[in-house]
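All chains are identified by letter, namely A, B and C, in their written order; residue positions are counted from 1 within each chain.
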Amino acid sequence: MNPLLKEIRQSRLLWMLVFVPVVVVAERLAPAAHTTLFLLAVLAIIPLAALLSHATESVAHRTGDSVGGLLNATLGNLTELIIAVTALRAGEYMLVKASIAGAIVTNSLFMLGACFLLGGLRYHVQEYNRSGARLHSALLLMATVALLAPSAVADLDAARGDAMAQKISASLAVLLIVAYGLGLLFSLKTHKELFASADHSGDDNSEIWPIGLAAGTLVAVTVLVALVSEIFVSSVQHAGETLGMSPAFVGFIVVAIVGAAAEMAVAFSAARKNRLDMSVSIALGSASQIALFVAPLLVLLSYVIGPKPMDLQFWPGAVTMVLIATLTCSFITSGGRSAWFVGALLLFIYAVFAMTLYMVPPGSHTPI
Amino acid sequence: MNPLLKEIRQSRLLWMLVFVPVVVVAERLAPAAHTTLFLLAVLAIIPLAALLSHATESVAHRTGDSVGGLLNATLGNLTELIIAVTALRAGEYMLVKASIAGAIVTNSLFMLGACFLLGGLRYHVQEYNRSGARLHSALLLMATVALLAPSAVADLDAARGDAMAQKISASLAVLLIVAYGLGLLFSLKTHKELFASADHSGDDNSEIWPIGLAAGTLVAVTVLVALVSEIFVSSVQHAGETLGMSPAFVGFIVVAIVGAAAEMAVAFSAARKNRLDMSVSIALGSASQIALFVAPLLVLLSYVIGPKPMDLQFWPGAVTMVLIATLTCSFITSGGRSAWFVGALLLFIYAVFAMTLYMVPPGSHTPI
Amino acid sequence: MNPLLKEIRQSRLLWMLVFVPVVVVAERLAPAAHTTLFLLAVLAIIPLAALLSHATESVAHRTGDSVGGLLNATLGNLTELIIAVTALRAGEYMLVKASIAGAIVTNSLFMLGACFLLGGLRYHVQEYNRSGARLHSALLLMATVALLAPSAVADLDAARGDAMAQKISASLAVLLIVAYGLGLLFSLKTHKELFASADHSGDDNSEIWPIGLAAGTLVAVTVLVALVSEIFVSSVQHAGETLGMSPAFVGFIVVAIVGAAAEMAVAFSAARKNRLDMSVSIALGSASQIALFVAPLLVLLSYVIGPKPMDLQFWPGAVTMVLIATLTCSFITSGGRSAWFVGALLLFIYAVFAMTLYMVPPGSHTPI
């Protein structure tokens, strides 16, 4: 039997693929039903993200260690990237920036917290490799600091007409991409043994597809995600207003969770199998990748496809939330032990952030 | 002999109980002598706090593990709570908020620093249980972040007329209380072995009273503390002006130290017996409890007993001080070793905070 | 052969001493060629700093453990101190404050990052003493927090006419000096065994000079550094304008790197010999000393030699950069292991700071 069909049949998540045609048809029939379209688009993106993730891993597995690792690392946040690129083309820069900051916070508080909670409900105390976690959290901390330093230090705002904001963001983007390239060299070549335990391609749950099927799925699903993202981005503004959500909230919370859904499924499943090493490396590694690769790539892409260049200046509340999230999770993971309440508290912090952002979107006051 | 009288006879601290009638009488005779009343009230609260602490432990000890643990955890900061409730009723919200923030800072810098210094003057290097300290400091860090996130992210101020400040604080209070409840479940039920070494009810110094005496003392002393707190709160404003102290300074430093005096006595004595595990758990546990229990409880109580609801928005300098104190002491305690100079430096940071707050109370400029 | 001449002959760095007469003569001939004078002064200070460092160590070695340790600790940042004193006399307070903040950031990000990178290029993974590093980073973190607390909490500015800024800075300076004195007692007397591994006077590369030569060199070179610093400080303003550098950038980056050049040479060489313990202790110890000794000393000196008293209020961006740098390097060094990419990321953060400061000097906007 075709492995793709077999996968869809076995995985309950993939039954949600039915929402893909539904949302496309719905958009033709009722282009003004923004809230419905928004919800359908969210439901459609989740199974596509899961397929994308599986296809990427299969391609990576078939192309050997170095190329495969590179692919896995580069395409790991492909869903977030496609959504952000769509928003970029539409000029929705607040949504893009919020989704960058939100992805880091969501990966380091929500994904990690849920892993600790889910794992902790099954195991009394979970131990994981301290020095591996320490390495990941050190890299995440430094990546985040590099991304946020200009926003934290200089109060610039391109919207206000600060010409310097654009120049500084472009230089920063180049620095971050260089750092990302060196990071790949480090994790895939010179020190790959340090990241070996974090390898999750061998997860017994998932079958490795043949290269043709995998590559074909990768391309086809990318197109589908782009298609659905278009509907998502065009409906989100209006839907947000209806549901009382600001663009900042949608980007920070909704896009971040939807975009990371596939990785979360893998990380949660690993936590419930007492393989917290894998969960921690997925959560922290993905957050680092957003800071070092997705964010600067979007800035550079904005010169080509955006209505105008995007800068990397974040609003002050976002800087605070991202730094708090990263510092907290660096500190928590450096211990190498976890129990359910640690996860619950991380989720509480995430809930407090979400609540604050929902009630007080940036700009409603001059936030600190 | 009556154990209560025996205790009073043996403990020099309890001789200070004489200040209780003195302050009550003085308030009748000279209600305008604010500075004297303020000083007498401080002197009267200290021995009452010690009695309260002893009575709570005795009740806790007699009622068995779970109920006792619950009582101990809930009534551990009873003195702070009574003073804050009195200030709440008088509408002194700046004093209340400053005492919440100040109690966290005082417990994590002053109490811990003094323990390290006192212990270090007697022992060359003191070792304590790293993983226990790590757990306590992780919980404190997360509790503090959850408490402060709205203040750090959104610059709201109910006094300025931000309707949202109240709504967000009420929601936050409910979230924190839920987190506190789960924390009790964690520390008293599912993972009580992790907190076992921190048990300080078995301190050989103190005798366990019979349940009747203990419960009676608990009730009677609570009433006395409430009585003295009334005098304290009504005199503090004027006395502060005379002594050049702002309400923020009084709440942050004076109330915080007075309220924690009883716990400090226990923590210091443990440090001098080379039982730093106990000292660390008292200091950090008490600070966590302020963030997760006392602060939200006061918000909820303000709806019932205050002239108007209180919010949980802290002034920016308080947010900075609390976050710095918590991060620093999390970092320091994660090492599991201490020497006198570590304690001295923690006390220096506390002194710098106190000095700054004394010289530049919040509001004198727009603080960052 | 005279050991001083032998040293100059052997060390390629000391050939640069030729720039000392060159810059002095150049200043006479072309006092208006500010950019050339600035560059020549930088080139002249570097070998002088190396000589100063060697002379200090020789004097320290000859005068025995306690006096020697005291000298080494006190004169370790002598070059920074002389440059800062010269700037102080000229009333260039922005330059002085920027060089204080910049020295902490440069030592904790640039020096440490370069050590990790240089060591990592030669050794796959380098291990160092965790508990030693933890002690140094704890002391650095606390010293920095104490130095910055007033700036972080109260938005005062003597330039704006806040009388309190001066008073608070003077009190802070006294507190810091007392803490420094206690720190010497701790590291040289009561707990010197904890700092023993950090002893770098026994570095096999350098020869110990006789006391007469060492003391004479110390005095003579101090005079030369003061002389060259005079030229440096008087040319830096104009040169900065020509090269597009603000006084904040020059102080934060240029003065900090030039002033620490000699220590860097020793730290880098230790890293390349796989003695990271020494590198970490030089970098963190020197940063602590800036916070606890150099900064308050300059405030106190400003009452004697400055045109008016200097305060210790730093601009908000400096506070953020110093705290981020200190927290990050505390976290990184607490692991006890390093590889090249860790160093590279620290250097990237430093580069981002430098870039931001170059493009957006403080004051160009109201920075957060």
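We take it that a residue touches a chain if its C-beta (ideal position, glycine included) is under 8 Å from a C-beta of that chain, and two chains touch if they have at least 3 such contacts.
Just so it is clear, the model here is predicted, and its values are computed rather than measured.
S.K.: What's the rotation, in steps of 5°, that superposes subunit A's Cα atoms on subunit B?
M.R.: 120
S.K.: Which is it for copies subunit B and subunit C: same residues on both faces, with over half shared, or different residues?
M.R.: Comparing the two copies, subunit B and subunit C contact each other through largely different residue numbers, since under half are shared.
S.K.: Averaging only over C-alpha atoms, locate the centres of subunit B and subunit C and give their separation in whole Å.
M.R.: Roughly 40 Å separates the two chain centres.
S.K.: Spell out, as numbers or ranges, the residues of subunit C touching 2 or more other chains.
M.R.: Counting only residues that touch two or more other chains, subunit C contributes 327, 331, 334, 368.
S.K.: Quick check on the complex: what are the subunit B residues that touch subunit A?
M.R.: 131, 134-135, 138-139, 141-143, 145-146, 149-150, 152-156, 162, 164, 167-168, 171-172, 175, 178-179, 182-183, 185-186, 190-191, 194, 316, 327, 330-331, 334, 368
S.K.: Can you check the complex and tell me which residues of subunit C touch subunit A?
M.R.: 124-125, 317, 320-321, 324, 327-328, 331-332, 334-335, 337, 339-342, 344-346, 348-349, 351-353, 355-357, 359-360, 364-368
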